[in-house]
Each structure stands twice: as structure tokens, then as C-alpha cells.
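Shared between the two complexes below is chain A, which has chain B as its partner in the first and chain C in the second.
On to the complex of A and B.
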């Protein structure tokens, strides 16, 4: 399973939408349920799943699901070095 | 460039005005407004004071039009008393506003604001919020805050006007018609007065003497320090209410263009036994044309709570209010309100305590009825009481 697929599975669960309806360009502007509360829930769920902490700057970078997956991958890569 | 949260300074004032305009313009809600001044009008920061407000802004440096404010919040720094654990500095997170309210592309800002406040002050609480279903309450719950509604009480002074004007109850046409009939025939008057009398009778078993005097424009001094010292051990948690703090919280005859409050010193045989802060609430569409009084804050030994509530109620009735409201957490003050004929209503006034604060409040957190939380806590004055 790719990192995007893992992030998509978490987002699907948090946002209450099917995983197939989410793609790399999905964002708060394209997914109705994705409001500020769900954005925070997504941040917290990703932190728990991947056992990492997201800084304010990183949270702000999570513009789309694709951005989010790249961010998570990069953080995991950095921490595994 | 990422969004950066920093203290609100004078150079940000015009950007905050633009932010207010965008929020109000897109939402149509006049309540979406933050202070246009970087210096808080109520409780400005000061190194030598026990309580003050700090303002923060979330600045977006990537905007084509220069630094743009995408979010704001206020942090009220104060001192709290926890029985058995002494005094601690805590923060109240209030007035958070995010551009995410009107533009989903800024959905992350709400989380940034709340997390920044927690980083500034892990012993953090929020109060009010308009109910458990509001975004701010849900967000704090997600961050591990424990949420508790603070009981709401009301006393109808003029039932006919209450029945005509109480728009929150008149949402259905049939209910509005019934209320019009009840108001016109006096049936509503009878029902409300009966319910209030019953509430008063139910809790009248240990009625204290009610000879009191009240002095308006009261100044808090040594007598208030004595009352704070006498009664603080009767609550498990309260923000400090000594004379020095009270003078800052309630400057004599504090008033703004939309609301005003005043203090009452309640005495028996010449000695102060308690105090109350009362006020006339700002106009609110849900109350129609009613004049709504509020028992904003109060303090006394539990056995004197009923006398203080009675004094506050009489003072507000003398002011000609149609309805009196109050939020109180402590069982002695809830009992005092019931004794004075107040009815309990559904509460949307929520106390949210961060994980660290919840830990500090253990084991009392299990019994919020021993906390002393009133409408004056949280953002309190100058408008939201």
C-alpha cells in the first residue's frame, strides 16, 4: 500500500466519504465534509497512525490530500535516517 | 510562505480590519469581528497585574496583497485557585476566528490557532462557545479537552412580554400563536409565575435571613479580600477573586457603548457578606425587545449565596428588566437561584478544560458542581455576559 493510499484511508474514515472518491487533488474546497474541525481531526489521526508530530508550518502545507501524503512520506523518510 | 502566528501589534491593525470585513461580508454575521485595536480595551497586558488579555494574529505572508491576517485569537492570562493545590497561572482561549469559516482553503487555520494557544499555555480553558455542537467545541474536544455544560438559569419578570418576545421559543408558527394567546389571556403569566413559585418553594427549606443592603458603584477593597479568603476553601476551583483582581475585572461603572455592568456589595448588620456583578445584556435578536438582566458574577460563603442572589435579583427588577439570566456551576449558587424562583434551562455555556488542566483539577473534575464558574469567567466582559 502506498503512502497516499494509507493517508487516503485515514481521510476516508475521518471525513466519512468513500476512499474511491478521494484523489491527490481532494481538498477542503472539493470535499464538503472537510471543514476546520475535520482538518484538525485529520491532523490528529495522521499523527497517531504514523507516530509523528506535525508542526504549524506542516499543518498549513496540507492543502490537498496529495500534499498531505507527500508531507507524511517526507517526514517518515527524514525520521528513519 | 507559511502562516505564522504572532502577537497582534499596531502594524497589523489595518490587516485585522480587512479580515473583519471579509468575514462579515461573506458570512453576514456581525459577531465575526475581532478587536480593531492591538491593545485590548479590557484587561490590557501589564507585567505587574494578575490578569490580562493577549491578542494573536495568524499572518499569511504568501498573499499577493502583502501580509494578510487569516486568523485571530485572544488569550486571557489569569490566576486560578485549586483547593489543596494552591494558585496556578492559567489561560482562557477566547474569540478565535479563522478565515476557514468563509473560505475552505484556510481550513487549517482553526487547528493552528488552538494548538498555538495550547503551546502558549498548556493549562488552558475555554468557556461559552454556544454549545457542544459548535465547531470550536468540537475542535477542543478533538484536542483532548473535557467539556462540561455550566447550568443556565432564568427568571421571567414580565411574563406577557417574555411570551411575546422570546423568539428562540417562537420558531414554529403554531407555538408562536399559542404564546400570543397565552400572553393575551394571562394564562402564560399564571403558568410562568406558578413554575417560578414552585421552584422557589421546593428549595426553601433553609431560608436565610434576607436583610441586606446594596451599595451601587461599589469599590472592591479589604472587605472583598476578606470574603475571598473566607470562602475560597468552599470551592474546589475558581479564578482568583481578591480585591486587586476584581478592581481590574470590574472597573467602577464599567460600560461600553453596547453593555454595562455594576457591582453590589451585600451586607448584613453592616458587615459585607458577599458581592454580585449585575448588568443589562446587549440587544440580542433571540430576546426580541426584552430588556435582559444578567447576574454576571458573585461571591460569598455558601450560606450567604441566597441573600446575594436575592439582592442581585431585586436590583435588576428595580432596573426594569423583563428577564434575568445567570450561569452558575457551584451547587450553592444553583440552589440560591432556585430559591429565588429561577428556572433551569438548557445550557449552551460550555466549560472546556485542556488535558493538563483536567489533570490538575483531579479529582474535582469528577464533580464540576464544586467549581465556581460564572458568566464572568472566560471572555466575560465587556459584551458576552
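On to the complex of A and C.
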């Protein structure tokens, strides 16, 4: 599974929408359920799943699912895990 | 079990089961999903599917309110998923930020309109005692001491106010010590440092909780310490979103709450059944022999001794132990009785099935022998195939998941919420010994000619008295746990029983029974309410250990006599059938009651007190305490 697929699986659970309805451009603007409460839940679920911590600035960068997957990927590469 | 372990497939399967109307299969697949992938994302999925399934499954419904000074929303799905795994359908109401005082003192608040079964009060030290956290160093020692007294006093007021408005259980987060402390190591050098004062407040909280019924303290510091304060706390989330708990510890908070919610809903286990080989000791007794199995004070046997200690601690809480093992009886018994490393012996087990038969059948027999429901059993076995088989065949049993590492067994048992108890009675502490006595009794019963001979031989004595402060906890506990000989299965908390006993028209009696073999303790409860010419039996129950010994006749005869003494003309009572209370179905009929009414909930029975000939059997020595309840 690619990083994007994994991120999409998490988002599917959190946002309560099917994985197939999500793509790289999915965002709070395109997904009805994706409000600030869900955004926090999404951040926490990603931190838990990928065992990392996202800073407030990084969370700001998570504007779409595509951005999110790229962010996670870069963090996992640069970390010493 | 799905052959393809792809998480997407598991979810798709669950949705397919729901679409096909196969709700029980959806439910067990959902539980398995949760077991394999517990976490925030899965919790959202589980919680959403639970919403679809809740009306189709027989789950225990429970209403929980959370009053808080910090963000708890991301924990809720985790809590609902955990609760679902234990057969509980949680409906959760969350109070607004920091409105906990208003919510509690205002009798019309949304909290009370929600009518919760339990309330969690989760407030951070920073929020309720800023003088003792952020602002500590700014103040004089006198000012901080006064601040500590104020905080404790406030909690006392809130608890009293809450109790006036609700009989629900109240679970209070104890205050966490600020770390690091304001003054560094200087702080630990006196009792009036930050930590000392927080400790003092928490001691007061425990005192306040024990002065009321149904108020409990959650030791937040202990929870955090276990996981490590530095990992537990997420400073960035706290500043960003007022969430003080890091992402990977949210589940631990949910599980800590479950340790209170499970006993409050009564979904507890009454008996833990354990395997022997590679569970109670390392190795296989039939192959490795007494000298080959690993069991002792040194590694690796020490891990198993830790488990033995965990089992003994369960015993002390009134939880029975049983053995279910595929072994030759002689080999197994020799190890149990003679191996020097065993910390548990035969006498610690209330039942044993050591044979080569099917474990599922053995478990059913154990439940029957101990006279408890299958859903009251928990099962511990190192073999994942045995666990899976039992889980598939007996969905109601709590099968404890353990890793293949014996070092983790004791903790797995200690962490399991079905073993948590919020009260402990004298009966609980002696339960195992009583089961030993019961086996002696069962042996005696077979050798008598008539039942009456046996009853006389038993030499029973019963103490009947109105409920008192000392018996309150046990009385409430019996209403919560008794399923078989229970005509109406009404569950009452201690606070509710206390409230009823204060009312003039309500009478609550308990019966305690001793016989030739020992003291059974408090085994029966009758709750009645007078209205006009009638005395209605709201609750009549007997612990299964004394069914069929005419104790129920003695209690019923006494109820009738005292109702007549108060001028009532009729004694009435409903029988509300459940899956488990068939043993009580003919109770009223057998005692001369006539059927008054029958509908889809049950049957109403009536005894005309003027013409009744109901009397206590003469082979029970009755000792009646008439004094009014000492409340």
C-alpha cells in the first residue's frame, strides 16, 4: 500500500466516507464531514498510525489529502525510526 | 474468520453483513476488527457501524456524561468501541468546556436532563487549581495552603450538590501533580510543596468519595505514571486544542474509564477459567514432568508466579477461579498440589475440568457447576487456536487476549476490566471458601430420602433484617448481579437503595443464611412498596447458591406477615420473564398466589393476606430484626 493509500484508509474511517470517494485533492472544502473537529481527529489518527508528532505548522500544511500524504512521507524519511 | 486479512476487506465484509441483515455476524466481525486494529481510525469506523447496529443487538445500554475542562472529543469513539467490545452501547453527553460547576449545581442543567447513569468529572489541576499549578511560585505558603483547602472544599460542595440532583455514579479524576514542579527538587522536600498539596487534596477527594454512595476516584497520576508523563502529555496539542493527552495514549484514557464503566454496567466476570500448560506454568506437565516445567522464583518461571499472584488478587475480590485443561488428571493434580513453585493450589479453584474433552463443553459444565451464566466467565489460554474456538462457540465469554510472552500474562489479567469491582463485601472475600463448602453440601444432598429430611439435616438459620449502612453495598450488588432467581430483575445502585430505604412506603429486607456447612452470607433481598390496600413486591431475589432450600418461602412468608401487620390486604408482585430467570417463574404460583393479569411484559400475581396460609417452614430457624433501618 502506498503512503497515500494508507492515509486515505485512515481518512475514510475518520470522515466516515468510502475510500474510493477520496483522492489527492480531497479537502475540508470538498468533503462535507471534514470540519475542524474531524481535522483534529484525523491528525491524531495519523500520529497514532505512523507513530509521529505533527507540529501546528505541519498541521496547517495539511490542506488536502495529497498534501497530507506527502507530509507524512517526508517525515518518515527524515526521522531516525 | 476472513481468509484475507486486508483491513479494507474486513470493513467491506462487515458492511456486507449489515446489508444482508446478518447483525450478529456483523457484530462479531466488528469485535474482531477492534481486537486486531484498535486505534482512533478504527474506532471511528466501529462507532459508526455501532450506530447502525445498536437497535438490532442486545447490548447493555448505558448513558455516560462527561464534564470537563479539556478536550475529550477525540477519545469518545475509542470509548464507544471499547464499550462495544464488552457488550455495552454507550450514549455519551459531553458538557461544555469548564461549565462543570454550573452543570452540577443547576438542577435544570443539560446534565440532569440527559439523565446519565454515570458521570465522569475530568478537570485538570491547571483549571481547577491555578494557584497550585501555574501561579504556585507567586504565593506565600499560607496562601497555597488555603488554596488547597478551598479546592477540596469546592469538590465537597459539588459532590453533595450532585448527589442531591442525581443518584448516578460519579467518577472524579484526581488532580494530577504538576510536572515538573514549580520549584524543582525543592518541592519534594516538604509536604507543603506543590506535590504535597495536590496529594492532600486527593486524600480529601478520597474521603469525600467514601462518604457518599456511588462516588469514585480515578487515580489520574497513576495512569499517567504507568505510561510515562513525558509521553502521555502533548504540550503542542494542549496549546493548540486543549487536548492534554498525546495521540497514542487516548486509547489508554478510554480503557481507564472502562475500568469503572464495566463494573457499573454489571458486565463483569464472576469466574476466570485458566488453562494449565504454558499458562499457569512454562511447558507441558505430561511431557516435561514435575522437574521440567518452568515455575519458580527465577526467570522464566517467575513470570508464571506473577500470574498466580494476579489470580489470587482476583480471588480476594470475590472472583472465582477454575481450571480447564487438556491433561491427564493425575499429572495435573500432582503439579498443582506438589510443585513447590505453585502459589495457587487446588483449594483456590472452585471448579476443574481436566480431561481430554472439548474445552467448549467443559466451559459450559463449569458455568453450570458454579451456577453462573456463561457470560460471567472469562477464559485465559496461551493457545490462540483454543481461544479462537471458544470465542466462536461461546460469544458471550470474555476471552483474554495474551501475547506469546508469559511476562505479559499477569498484566493482561490485571488490565481486564471485567475483573474490576467498585465495592467489596464480606461475601466477596470469602466466596471461594464458600464454594468449597457448597461442594460438600451438594455431596450431602444426594444421600437423603426426602427433601424434607435434607432440609432438616441442613440445619439452616436465617437472619432477616431491614437494610442498614453495613448491608447497603451487598444489597445493591445483589440487585445488579442476580439473574436467575429474580422476579423483576431491577438493577439498583447503592445510592438508589439508600434513597428507597428513606421513604416511608418502601421496605427493603435482606436475608442472611447459615447452615450446617457454613455461612452463606447475605443471599436474598426483598423490596416492597405499600400503596393503599396493597403491598407490591418490587424486587424479590435470591442468590443461586440457596435456590431450592425453601429460604425463599421463609422470606416471602415474612414479607406477607409484615404487610398484613401494616394493615395491607393484598400482596402483589410481577414476574417479568427474561432469558435467565426461569427458576423464578413458578415462585408466586407455588406459594399460593393467583394470577391477576398477564401481558407481553409479564404476569401479575396476588396473594390475599386475610385468607393466606403462607408460613415459614419450621426447619429454618428465623431470626428477625425489627428495628427501623439505621439511616
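Here is the rule we go by: the second predicted complex is superposed on the first by the 79 of 81 C-alpha atoms of A that agree within 3 Å, B and C clash if a C-alpha of one lies under 4 Å from a C-alpha of the other, contacts with A are read in each partner's own complex, and residues count from 1 in each chain.
The rule is short, and it goes like this: a residue touches a chain if its C-beta (ideal position, glycine included) is under 8 Å from a C-beta of that chain, and two chains touch if they have at least 3 such contacts.
None of these values were measured; they are calculated from a predicted model.
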item	value
Touching partner for A:27 - first (chain B), second (chain C), both, neither	first
Touched partner set for A:48, first chain B, second chain C, both or neither	second
Touching partner for A:37 - first (chain B), second (chain C), both, neither	both
Partner chain(s) touched by A:19 [first = chain B, second = chain C, both, neither]	second
Which of chain B and chain C A:76 touches, first, second, both or neither	neither
Touched partner set for A:56, first chain B, second chain C, both or neither	both
Which of chain B and chain C A:9 touches, first, second, both or neither	second
Chain A residues contacted in one complex by chain B, in the other by chain C	37, 40-41, 43-44, 56, 59
Residue ranges of chain A touching chain B (in the complex, touch as defined)	27-29, 34-41, 43-44, 56-57, 59-63
Touching residues (chain side chain B, partner chain A) in the complex	2-5, 98, 100-101, 104-105, 107-112, 114-116, 135, 138-139, 142-143
Sites on chain C touched by chain A in the complex	7-8, 39-42, 44-45, 48, 71, 73-74, 77, 234, 236-237, 239-241, 243, 246-248, 250
Chain C contact footprint on chain A (complex, rising order)	9-10, 13-14, 16, 19, 37, 40-41, 43-45, 47-49, 51, 53, 55-56, 59
